[in-house]
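The structure's right below; bear with me while I get my questions together.
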Amino acid sequence: MADLKMTSVDKIDVAYVAHLARLFLTDEEIRTFQGQLDHVVAYVKKINELDLKNVEPTSHAVMVQNVFREDVVKPGLSVEQVMSNAPATISDQFQVPKIVE
Amino acid sequence: MKYLTTIGLEVHVQLRTQSKMFCGCSSEFGAEPNTHVCPVCLGYPGAMPVMNREAVRKTIITGLMIGSKINEFSKFDRKSYFYPDMPKNYQISQYDKPLCVGGSVDIDVDGGIKRVAVTRIHLEEDVGKNMHFQNTSGVDFNRAGIPLMEIVSEPEISSPEEAFAYLLALKQILLYAGVSDCNLEEGNVRCDVNCSVRQEGQNEFGTKTEIKNLNTFKGVLNALKYEVVRQVETLESGGNICQETRRWDVDTGVTIAMRSKEYAHDYRYFPEPDLVPVVTTREQIEELQSNLPELPRYRRERFVKEYGIPEYDAAVLTADMSVAGYFEQAAKLSSNPKAISNWIMTEMLRLLSEKELDIRTVMITPSALAGLVKLTDDKVINSNSAKEVFAVLFDKGGDPNQIVKEKGLIQVSDSGAIEKFIEQAIADNPKSVADYLSGKEVAAKHILGQVMKLSRGKANPQLVGAILEEKLKVEKQKKNG
Amino acid sequence: MSFNVRNMTVHEALSLMERRECTSEQIIRGLLDEIRAVDGRIDAYLMVNEDDAINQAKAADRARAEGKKGKLLGVPIAVKDILNVRGQQCTCASRILSGYVSPYDATAVARLRSEGAVFVGRTNLDEFAMGSTTENSGFKVTKNPRNTDYVPGGSSGGSAAAVAGGEAIAALGTDTGGSVRLPAAFCGCVGLKPSYGRISRYGLTAYASSLDQIGPITKDVTDAAVLLGTMAGWDEMDSTSVKIPVPDYMAGLSGDLKNMKLGLPREYFVKGMDPEVEKIVRAAVAKCRALGAEIVDVSLPHTEYAVSTYYIIATAEASANLARFDGVRYGFRIKGASDPIDMYGKTRAAGFGPEVKRRIILGTYVLSSGYYDAYYLSAQKVRTLIRRDFENVFKQCDALLAPVSPTVAYRIGEKTGDPLQMYLGDIFTVTANLAGICGLSVPCGVNKEGLPVGLQVLGPAFGEEKILRIGHAYESAST
């Protein structure tokens, strides 16, 4: 099983993945999660014991297709409503720290 | 050392729809910030996307126009990355099952045709717009969720000029297909370009850079010109090209490396569980195929063949689908398509642009234009009068024959009447006659002008010229005799 | 007062109001008294909006006086704080959504509202429905009303505790891997997880979009049928909802099990499970046989891979679903961030609790470059095998009987240090979500300490009529 061989050497890199997910963790959190998730990953890996070569993946539990809406404009939210939920605003926009491109 | 350039383009085209890709918010341009938003396009908790039928249809039409294979099974995927203009911090896009695969766009290169292969066309949602203030930024989500079609070319473009030609050809196709307004000022077409250079004789591609978010075709041309030179100079001076994302600074005319977004390329695509697959049957594809407009290139070639007009005329006329349609309607009613073409290319296009009008709604009908051409060809009116009639037709419409009658513009080809005008002109302009007789041949032109004036423009100019020549010959003999 | 709100069911409340023996306002006031009396001990609610609930009740009473009809006119429903109700908070028990006020009704809520239901308050949950104990709430720990030293189960623990504790007539929960059925079992009430696509998910804050379903938590099976009938059916706002007619679920509650063939999946009766739970469930199976059902042994061979499959798929989807909580458009934002990345990283670190962080990290990992095929894609394939297992057994029988959980409720704090052990407790419930089928949890007894045990009835996709009929027959025979 090629998959098993590969996964046995791979270990979750909590610090890297947390950054990818934009979660700034403390060192202690990283240590704790690393230990816990190593166990979880070792456990969930066992699905690769199965022979899945000729199995189609299921991404939807129901066999539905082609659900469309017609191209018609419907009223949305008012700018007041939208801004009232915003943590910070500027000129009816969502204010964020300066974006550097 | 000679270098070869390799360019690939990703063109993002805003589709012409009333509403957004996954919600009923208006896709209208230029509204006040955050006035075309709802829980779906703001990524509110619990909101769910539903596909816009028209956006899917228009993408498939585009694919058919360029000869793509339409995937019978297509699906949407989530593409994850964090950015303030992203309402969900994932973009709904298409990864491994785009709507269209393959196809090509023909471009004109050095008098020949080059076929640029297209890899795929997929559909996705646009992001919001960041605005920059003094010490902070703001985000407007009106644009978030507007349907975007991404057309990805193969890296087969070998110069900035070819890239430019590709964009022009693509735009023409999109306009013909009616899938996008291609309004560059409104950001309807935005390009990411990949570019690399390599020494002639080297097989593998050089390291490429990507220039993102170019929103004019000239921008693409200039950015690529700069980038090619930069890469060649870097290599020539012994440097290396880094694989990086750059941006084009219009003001300074240079490309600048963007602050590298760490981990930016781990997009974690997976199938969008909130949407269901798009399955297009062969019958649906055939139905769309049978209603496709003719490709601009085919039309152009056909105009040359069917109507015998020059290649240049055909190119000008087919640049705009409605102009081409107008020409064809008029040409079919006329035995002189070249004259029809001349009218459209000169007077018509000039007046349309002066008065900011659309050829689809002009007063002068194709059959009126054909009628006007016939009146000229039959020498019923002369070219001066024809211009006058055209102006009337353009402003008010109507029947050219009627206008000619009403205005009394029928050409005078009666030689007796013309002789009288000439005799009077000779009598009235002794100085010009004297000048002519003393060898100043141009003086004859002045006399001819006087004749036309006396006839109020209606005299047949060829006839006037011939008779006048005779008369002046007689005068000359008199003088010499 | 001549009525008892504590034990009142939806159908009892409706008939009392129809007979003009009480008003909606009286029921709500009674309920608010109960909440005041017991919620300090149980902590089922995150928010109770007394004035608003009374106003809604008064409006319902006026409507009734004017002769207006509504399948739930004046009936109070408690709502898990993960479903959007216009004008109310929707915290998902997370600090990251503090301050968010929903501008819209979830479709299920809108359908209940249009039939006259009154929305009393918001119930507690494991943050973003991630958990099986309701200990992972960002705000407080809900206790099991049967014994407050024990967890109510999760993630819809607040809804189950409110119903079991007499603080709600009925409630809505959501079930991604057992989050309706498990707390219903632990608290001794009825919980229904409808088939995927039966009830619109629009307005349900997504945890794992391909697994989530809204379900009722009620005092009896009849109420579950009433609420399901009101909420079910295709919705243009949810592309994954299914256009299948909604049957009259009440009409199917015949009270017997004649001509029914019920399967016992052998993988659901395994060593390691609490022997007392097994004994109680087997007694319930015997009762179903006595009611006329034929019992057959069946096998669901891929069951042992279900927990792995579930945790890969659910966390992967969750990692994307929860990416939107970034402090830009609504909810909590950390102060003083230097740039957008800093703001995201700190806002999310401060806004999410540890279980949510763990799952986001796991989900991000299984989707990340180089790991997708080994985890996510494989899990989707195993999902196919699990689905096929069910398709096969439903060729042999009408429905399945099984325990909801291998154990009764845990003590509070008992398993919080070991996530994997906690995850393994979901073994009997996650399969229904992976396969998209429906499942019902019906109380079937208590252990020596008086902690309830749930009988799980699993039916084929869109077979809710069958499982409700089975649950109802069993319930009628047991009380």
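As written, the chains take the letters A, B and C, and residue 1 is the first residue of each chain.
The working rule: a residue touches a chain if its C-beta (ideal position, glycine included) is under 8 Å from a C-beta of that chain, and two chains touch if they have at least 3 such contacts.
All figures in this text were calculated on a predicted structure; none of them were measured in a lab.
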TODO: Could you see whether A-B or A-C has the larger number of C-beta contact pairs?
DONE: A-C
- [ ] Select the chain whose centre, defined as the mean of its C-alpha atoms, is least distant from the mean of all protein C-alpha atoms.
- [x] A
TODO: Would you kindly tell me how far, in whole Å, the mean C-alpha position of subunit C lies from that of subunit B?
DONE: 57
Task: Gap in Å, rounded to a whole number, between the CA centres of subunit B and subunit A - done: 42
Open item on the list: Between subunit A and subunit C, what distance separates the C-alpha centroids? Give it in angstrom.
Closed with: 23
- [ ] Going through subunit B residue by residue, note those that touch at least 2 other chains and give them in order.
- [x] 39, 42, 50-51, 82, 84, 89, 137, 139, 141, 266, 268, 273, 275-276
Open item on the list: Can you list every residue of subunit A that touches 2 or more other chains, as numbers and ranges?
Closed with: 19-20, 22, 59-60, 64, 67, 69, 77, 82, 94, 96-100
Open item on the list: Touching at least two other chains at once: which residues of subunit C meet that condition?
Closed with: 100, 103, 210, 236, 239-240, 319, 323, 326, 328-330, 340-341, 344, 364, 368
TODO: Note which residues of subunit A are touching subunit B in the complex, please.
DONE: 16, 19-20, 22, 59-60, 64-79, 82-83, 89-101
Task: Of subunit A, residues touching subunit C in the complex - done: 3, 6-7, 10, 12, 14, 17-25, 29, 32-33, 36-37, 39-41, 43-48, 50, 52, 55-62, 64, 67, 69, 77, 81-82, 84-88, 94, 96-100
Task: Complex contacts: residues of subunit B adjacent to subunit A - done: 17-19, 23-26, 32-39, 41-42, 50-56, 75, 82, 84, 89, 130-133, 135-141, 247, 258-259, 262-263, 266, 268, 271, 273, 275-279
Open item on the list: Please output the residues of subunit C touching subunit A within their complex, sorted ascending.
Closed with: 99-101, 103, 196-197, 210-211, 236, 239-240, 242, 302, 305, 307-309, 311-312, 319, 323, 326-333, 337-346, 348-349, 352, 354, 357-358, 360-362, 364-365, 368, 370-371, 373-375, 377-385, 387, 418-420, 423, 433-436, 461
TODO: Sort out for me which residues of subunit B touch subunit C in the complex.
DONE: 39, 42-51, 78, 80, 82-84, 87-90, 137, 139, 141, 265-266, 268-270, 273-276
